[in-house]
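First up is the structure itself, then whatever we jot down about it.
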Amino acid sequence: MKRNVRVMKFGGTSVGDAQCIERSAEIIARAAQSSPVVAVVSAMGGVTNRLIEAAQRAASGEEAMACEMIASLRTQHETALQALVADPAERSATGAEIERICAHAMNLCRGTALLRELTPRTLAAISSTGELLSARLMAATLRRLGLKAQAVDATELIITDDQYEQAEPLMEETREASRRRLFALLDDGTTPVVTGFIGATATGVLTTLGRGGSDYSATILGAALDAAEIIIWTDVDGVMTADPRLVPEARTLDEISYAEAAELAYFGAKVLHPKTLRPITEAGIPVWIRNSFAPDRRGTKITSAGHRARNGVKAITAIGDVSLITVGGRGIVGAPEAVAKTFAATASARANVLLISQASSQNDICFVVPSKEAGKTLEALRRAFAPDIQHHQVEHITVDHEVAIVAAVGEGMRGTLGIAGRIFSALGREGINIIAIAQGSSEYNISFVVEASAMKKAVATIHKEFGLESAS
Amino acid sequence: MKRNVRVMKFGGTSVGDAQCIERSAEIIARAAQSSPVVAVVSAMGGVTNRLIEAAQRAASGEEAMACEMIASLRTQHETALQALVADPAERSATGAEIERICAHAMNLCRGTALLRELTPRTLAAISSTGELLSARLMAATLRRLGLKAQAVDATELIITDDQYEQAEPLMEETREASRRRLFALLDDGTTPVVTGFIGATATGVLTTLGRGGSDYSATILGAALDAAEIIIWTDVDGVMTADPRLVPEARTLDEISYAEAAELAYFGAKVLHPKTLRPITEAGIPVWIRNSFAPDRRGTKITSAGHRARNGVKAITAIGDVSLITVGGRGIVGAPEAVAKTFAATASARANVLLISQASSQNDICFVVPSKEAGKTLEALRRAFAPDIQHHQVEHITVDHEVAIVAAVGEGMRGTLGIAGRIFSALGREGINIIAIAQGSSEYNISFVVEASAMKKAVATIHKEFGLESAS
Amino acid sequence: MKRNVRVMKFGGTSVGDAQCIERSAEIIARAAQSSPVVAVVSAMGGVTNRLIEAAQRAASGEEAMACEMIASLRTQHETALQALVADPAERSATGAEIERICAHAMNLCRGTALLRELTPRTLAAISSTGELLSARLMAATLRRLGLKAQAVDATELIITDDQYEQAEPLMEETREASRRRLFALLDDGTTPVVTGFIGATATGVLTTLGRGGSDYSATILGAALDAAEIIIWTDVDGVMTADPRLVPEARTLDEISYAEAAELAYFGAKVLHPKTLRPITEAGIPVWIRNSFAPDRRGTKITSAGHRARNGVKAITAIGDVSLITVGGRGIVGAPEAVAKTFAATASARANVLLISQASSQNDICFVVPSKEAGKTLEALRRAFAPDIQHHQVEHITVDHEVAIVAAVGEGMRGTLGIAGRIFSALGREGINIIAIAQGSSEYNISFVVEASAMKKAVATIHKEFGLESAS
Amino acid sequence: MKRNVRVMKFGGTSVGDAQCIERSAEIIARAAQSSPVVAVVSAMGGVTNRLIEAAQRAASGEEAMACEMIASLRTQHETALQALVADPAERSATGAEIERICAHAMNLCRGTALLRELTPRTLAAISSTGELLSARLMAATLRRLGLKAQAVDATELIITDDQYEQAEPLMEETREASRRRLFALLDDGTTPVVTGFIGATATGVLTTLGRGGSDYSATILGAALDAAEIIIWTDVDGVMTADPRLVPEARTLDEISYAEAAELAYFGAKVLHPKTLRPITEAGIPVWIRNSFAPDRRGTKITSAGHRARNGVKAITAIGDVSLITVGGRGIVGAPEAVAKTFAATASARANVLLISQASSQNDICFVVPSKEAGKTLEALRRAFAPDIQHHQVEHITVDHEVAIVAAVGEGMRGTLGIAGRIFSALGREGINIIAIAQGSSEYNISFVVEASAMKKAVATIHKEFGLESAS
C-alpha cells in the first residue's frame, strides 16, 4: 500500500519560540488534512549549544552552574508551553514530561560532575535533550489544533552504529523499526512528531547524528517510509544563486538537482549537508527547502533531474579560508610515485583535499585544503618527501595561505559551449587573477582559485555575467 | 681555470650520411677555432633500430641474418668513410676500427644466438654499436679537416648505475672521469668526439642512457665540464610555437626557459626529453637547439630566464592518444582516503598520470593517462575500489578513450590577466567543448582536455588567438 | 647521603583485620628503631573485589546497593579503628578521613549510576579506595605505638602512564617526586605509610598498577629511594620448593636469585608477579618474602646471585590448564617463513606462548598456550595457513588440550651434569610420559610437557629425586 | 592397468666409470627380466662440478680453457664407450650422440665467453650435460646386454617452474607427459634410461632440480608412473644407525619410515634430501637405498610404517657447524610480539632455524642456525630489536658458535617410557653437558644441543646406550 506520506522537518528557527512553533504547527495541521505527515523537529534555536556547555561545565566540576543552565532551559520550555496550550490537563501532562526530561539531563550533569569526566555517550545524551523537549511542545500544540499527535523519540526508529556523536544509520534495521512504529500511528490517524538529530544503537544506547543531524533524520525517515516528499522548513526561501552577502542580487532557485545541491552544499551554500541526500537519492524522493516564516512562497525543489538552466550556470558558490599547496621539482617528472606519495601524505594528515590541479610536465602538483589543515598537511608532506628533498628530487613544498575557491555550478555545462571562456574572460576584464583551475569531467562544475581578496568580486562578476539575478 | 668549452651534440640526421657528417664536421671545425669543443655524436639515422633488430633475431637463433645485418651496417660505414676520407693511412686505420667494432657486435650476436637468450646487458652492448662507429667517422673527418681529433668512448667518461637499458649517471664519478680524460685531450689541442647514448658502470660494463640518450650525454658532459654552452644540432630550426603539422603558421622561438622547454617536451614537442635538462639546470648552462642543415639560422636558446612573451602564451602543445578516467560516487564525499587510494592504484599500475582535475564536491576525481596504460589503470582501480563498489561507496569508474590534452605554455602567464578567458572564449567561439581543465599554480601552463577529434582545431585556434604566427 | 631505608610492604592478609594491622604495625615499629622504614599497604583482604563489585552494580543502576556496599566497608574500617586506637582525638581525626574517603567513593558510585557507564578511569578511582583506608588505619596505629607516622597517597609519588587499570611507572618522574616527598618526611623522623596499588598520571589522574600492584609499588619505591632492602610481608613463610598442595613435603627456601624468582613466578608459584622485580634488578636491591604472622621466621631472600643449590635443582613448579598446539606438514621442511608465520599468528591472537619446541626436521613446530587461549590461537593459525593447507604444504594443525607444563628451576643447572638425565629417568621409572621438552640455554630451567593427569605425580617425583624435602 | 614399474636411480659413483656402468647395467638387465624398469642416471662422478667450472671460466672469457674442459669430458665418455660397447654401429651412433651433446655444451660456453655473462638459464643448460651423456652410455650398454633400451631426456618428462637452478615439478603436467612418453616405450618392451637432475619449463627451456636432483627425478617419476618401488642405487649399504666416522660400530638399518628418513636426512645423514620424499609419501611407494657395488646386500627400505625398533631409538644423527642464538631480557616477559619479532627477523635473513627452545619465564628464546648464517641472523635480530635494546626491553642477543645438534630418531618414542631419561642419564655419566633440549611432540625425535667438541662422544654414548650396534 502506497501511503503518500510527507516528512516535514522544522529547524531550530522554525521552533524558535512559541510563535514559531504555532506557525509551524499550523503548517503541519494544514498539510495533514490532505495526506499523512510525519513531523521531525530540531531543538529550539540555541538550545543544543547551551546543553553542550552545561555538560562541559559539569565535567569541570561546576555542577551547580550546569544544573542551573538546565533549569533555565526547563523554564524556557515551560513558558512556551504556557503560551501554546491552555488546557490544564494538557499543560499538566506535557509539563510533567518536560520536568522528567530535564531531570534526566540534570542527573547526567550531576553524574558527570561527580566523576569529572565527560564521555562521548553522556555528551550525546545531554545534547539531545532539546529535541526531546521541542517534540513534546509541538505534539501538544498539534493536539490543541485538533490533531491526534504524539511525540516519538527517534531512539525507537533510527538504529545506528555506535559512534555516539557522529552516528550513521543502519538502514535495514531503521526501515523495519520506523515502519512498524510510525505506520501504526499513521494508520490510527495520529501525526507522529519525531525528535530530530537522535538515534540509538541496536542495544538501545542513544546516539546523535552529528551536525546537520535533523535534516538527516528527515531524509532517513523519508527513505524508510518511502515518502512522497520531504520538506525542510527553514528560515530562508530556498537555495539561492549565490550567497546574498556576496551578491545582493542573488535570487532563489525554483528547482535544482541532487548533484547541484551537493555541489552547492559542499562549497558552503550551507543549505544541506551532502550526506543528507544519500538516503533518498536512489529512490529519487524530492526534497523541498521552504521558509516556515513565509509558507506561501514556493521554495526550492531538489530532484533527480533538476531544472536545466538557460545558459548552463545556475549558481555560484565560494569557499574562503583555504590554502593552496604546491609540491614541485625536477625529480617529480614522470614519477608515478610522486602523486601517490603526495596524497598518501594528505590522507595520513586527515586533510580535506578540496581541489587538485596537476598538469603538463608533472613538475608541479597543486591542491587546496582548508587553511586550518594546511599546517599539518605541510608537515606530513615534508616528512614524506624528506629523502627526496635531500636528494634534490623535490625542490619546493610551498603554501599560499590567502586564497579562495570559487565554483560555478549547473547541470548541463558540458553541453553548453564557451562557458569556461565566458567565466574567465569576465574575470580577466575585471582584473581578477586566476591562480588555478580545476574543471572536472563532471557536467556541472567549474572551480577555480583566486586570491582571497578577490573572492567577492569574482562571485559577483560571474553572477552578473550569466544574468543570474533574473529568472532563467 | 675556466675553459669556455662548448659541447656540441649531433643527432642521427646530422650524421645521417657522408654529406651530413661533412657538414657537421665543418660546424665543429669552425667552432673549434674560437674555443674548445667537445663533440657528442649519435648513431647514423636508423642504425640503432637495426642493431636492436639484429640482436633480437640472434636471440631467436637467426645468427646468419643477424650477422648479415651487422655486415650491412659495416658496409654503410665503410662507404661513408670512403666518401669522407681520401688519405690511405687514415682510411686504413679507421677502417680497421670499424672492422673491429662490427666484429665485436657480430660476436655478441653469435653469443646470443648460441644461448638463445638476449640479456639486457648484451642488448645494451649491441645497440650502442652505432655510436661507436659514427664517432670514428666524425673523428676521421675532423682530422681530414685539419683538426687534431679523437674518438672517445663514453664508457670512459659517464659512470652510471646498472640499469643497462635506462642508466642514470652518477654525477660525482662522471665529473671526475670526464674532466681527467677530456681536459687532457683539450689541453693538448685535441677535439674529443664522444659516443652519445652510452655510459658504463663503475666496474666497466657498458650501459645505455635510454631514449633521448645522446642529448642526455651532451648535458651530462656539459655539466661535468662546466661548459659555457651546449648546442644540440638537429634537423629543425629550434623549438616552435606549435607542431607545424597541426599549425602550418607555427614559428621558431628565439628563446625559452628551461621550465617552458620541460613543459613543451612533456606534451610532445619532442625537442628534448625533460630529463635532459636536469644536469644543467642548477648551473644555468644555456642549451641551444640548432639546425645542422641550416647552421646560419639562430635556433632556439634555452636559458634559466627564457624570454618573456608579449602576451604570456609562447607555444601550444598537444598530446593525443590519451584517456580520461573518472572515479566517482557518493561515498567519496569528504573521504581523505579516496584520493590517496586512487593514486596509489595508478602508481601500482605504473601508469603515467598526465593531468589531474578534482574539484568541487569531491564526488569525482578525474585524471588522464596515455591510452595504452588505461587498461591496466582501470584494472588497478577496480581492484583497489572493489570493496567500495560493493558497498556503493563508489558508483562508477569510467574511461573516455577519445580525448587529447592541449596546453598553452609561457612564463609569466600568472601576471597577465585574462589569458584563461581568451583561451576558453576562443575555443567556445569555435565550438570546441572543454572536457576538463587543469591549470596548476605554475605560471607557465594552462592545460585542458578536449575530444580527440577537436585537438587540431583547438591548437590552431589558440595559436591564432595569441598571434603566435608573428614574432612577439 | 645513603639513608639505609627499608621498604616494607604488607599484603591484604597482613592488614586483614585490627589484630593483623596491630601485628604488622609492631613489625614496622620495631624495624623503625634501627633504620628508616617506608611502609606500603594493600587494602584489607577482600576489600578491592567488593569495591569493584560496587562499581559494577552502580553501572547497572543499582546505586543504593553500591552505596550500601561502600557503607559496609566504611563500618568495617571504623570498627577496626575503634579496636586499634583509643585516643579520642586520633579516633576522631582518622574517623573523619575514613568518612571523607568513603564519601568520595560513594559519589563516584552515584555518578556512575546516573550515567550507567563505568569508565576505566572511574573504576580505577573506586577500586583504590581500600588502600586509601588501610593506610590511614596503619598510620593511626603506628602513632598509637609512639611513632611519628603519616599516611601518604601514592598519587603524590608514583607517576605513571595513563593506562588507568594497568599503569606503568615513569621512573624518572617517580624518582624525583618520591624522593622529594618521602625524604622530607623521613628526615623529619616520620614514617610514611604509602597506599599500595596506586599511582597517578602526570596531570594528577589516579591510576592503578594492575594485579600484584602493591608489591610493584614497593619495588618501584625501593628503586626510587635506593632502598637497602624491600620486605614483602605476606601470609606464607617464603618461596617454597614446590606447591605444597602438590607436594606436602615442600620446604621454604632460604635464598633464591631474581632469575629463579621470575621463573617460579611465571610458572604459577604466585609469589611475585615477574614485573615486580624489574625496577630493582639493575640496582641489585634484595627483596625478602616474609610471614607477618610469624615474623621470627627467616623468610626467603631474593638476590642477584641467589644461593647455589647442592644439586642444581632448587624448586619445581607446574602450570596446568594449558594446551599443546602442533603445526606440521611436508611443506614446512626448510621453510624459513613457516616459523615466522606461526608466531605472527600467535601474536595476532595475543596468545601467550609459554613453551616452544621445534626440532630436527622442521616437520613440526609445537608450542604451549593457556587452554583458554587455544581456541583463538587455532583460529588464527588456520587463517594464516589456509593457503598452505589447501596446497598440502601444511598437513595438520592440532591441539592437545589436556597437558601441563612442569619446570625444574635452579641457578647453575648448566654446570651440573646429568640433571636432565636424572629428571627424565625418574619420570620414566614412574611411568610418566614426556610429551615435549624445552630446555633453553638458560642455566636455571628445564621445562617439559606431560599429560595433565600426570602433573602432580611428575612434580612429586622430581621433588623427591632431588631431595628437596631436606635442606640443601 | 597396474604396470608394476620399478624406478632405479644410479648415482654418480654407480656410473663413475665403465666398470661401474657395466655393473649397474647388469643390475637393470636382471631386474628388467621380472618387471618393467625405468632407469634414472646421474652424471658420472665429478662431471657436474667440472661443467660448472667450465661455464664460469667461459664467463670470465677463458673460452679456450672452457672448451678444453668440455673436450676432456667428451674424451672421458668416449673412452668409457669404447670399453662398454664393441659393436661398431652402436659405437658410431652413440659416439655421434656424445659428439653432438658436447658440441652443444661448447657452443654454450662459446656464447657465454662472447657475452662474458653467465645467465642462470645457460648455467643450467651447461651443467646438465653430464646426465645427457651418462644416459647415452647406459642405454648403449643395456642394448649390448640385449635389452631394448633408449636414452630419454627428462626435458620431455618433468615439467617444472622456471627457477632454472632449483626448479620444482608441476606434478599434473609431469604426470601426463611422463606417462604418455614412458608407457609407450615400456609397452614396446623398451627400457627407458632417463637423465636425472633435469626438467624443462612448459615452454621447453631446460631447468635443473638443484642438489640431490637425480634422487628427486626418481621419486617424481615414481609418483608419476605409480611405480611399485623406487630403488636408489648408491655406494653405501643403506641408512645407518649413525655416521660411521663418529661411531665405528654403526650398522645398516633394514627398514625405516619416511618420517625417520626425513629426520635423518635433515640432520646430515645425507642419504636423501628431505624434498625427495615428498612426491611419493602420499601414495606410500617404498624407496630402497641399496649399494650398487654390493647388489646382493639387502639395503634399507623406506616405507610409510617403518619398522618399530625394540627400544624406540633407531638411529643417531648430528649436525655440526651450528650456532646457538639467544634473545633475552626483562622486557620480553609475557610479550606476545617478542617471539613473532624474533622469527620474523630470522625469516627476513633467510636463516634456516634448525631447533628452537623457549620455555618457562619467556625471558629467553634460544634457537640454532647453521654457523654460516649466524652473522646475518644476528644482524637482522639487532636491527629488529634496536628500539627494544635502547629501551632496555631486550638485554642481550648472544651467539654461541661452537655447538652441535644431536638427535635420537625413532618411530614410537612416545610410547616408550624413559627414553629421555636414558639419553640424558647416559650423557650425564659421560660428563657431557646439555646446552639445550627440544623434544617436539613428534613421536620420533629428541634433539639436544651440546658443545661442538662433545658431539662425537654424545653420538657414541647414545648409540651404545641403546645397543644400536646389534640388530634390533
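Order of writing sets the chain letters: A, B, C and D. Residues in each chain are counted from 1.
Definition applied: a contact is a pair of C-beta atoms (placed from the backbone, for glycine too) under 8 Å apart; a residue touches a chain by one contact, two chains touch by 3 or more.
Owing to the predicted nature of the structure, the values given are computational and were not obtained by experimental measurement.
Note on connectivity: the fewest steps through touching chains from chain A to chain D is 2.
Interface repeat of A-B: among C-D, B-D or A-C, over half of the contact pairs recur, by residue number, only in C-D.
The most distant chain from chain B is C, comparing centres defined as mean Cα coordinates. Each chain gets one centre point, the mean of its Cα atoms, and the points for chain A and chain C are 54 Å apart. Chain centres here are Cα averages; for chain C and chain D they lie 52 Å apart. Computed from the mean C-alpha positions, the centre of chain B lies at a distance of 72 Å from the centre of chain C. Annotation for chain D: no residues touch 2 or more other chains. Chain contacts in this assembly form a single closed ring in which each chain touches exactly two others.
Here the touching chains pair up as A-B, A-C, B-D, C-D.
Those residues of chain A whose C-beta lies close enough to touch chain C in the complex are 107-108, 110-115, 117, 119, 121-122. Interface residues of chain C facing chain D in the complex, by the touch rule stated above, are 259, 262-263, 265-267, 274-275, 277-278, 281, 324, 326, 328, 330, 333-334, 336-337, 339-340, 342-344, 346-347, 350-366, 400, 405, 407, 409, 414-415, 417-429, 431-442, 445-449.
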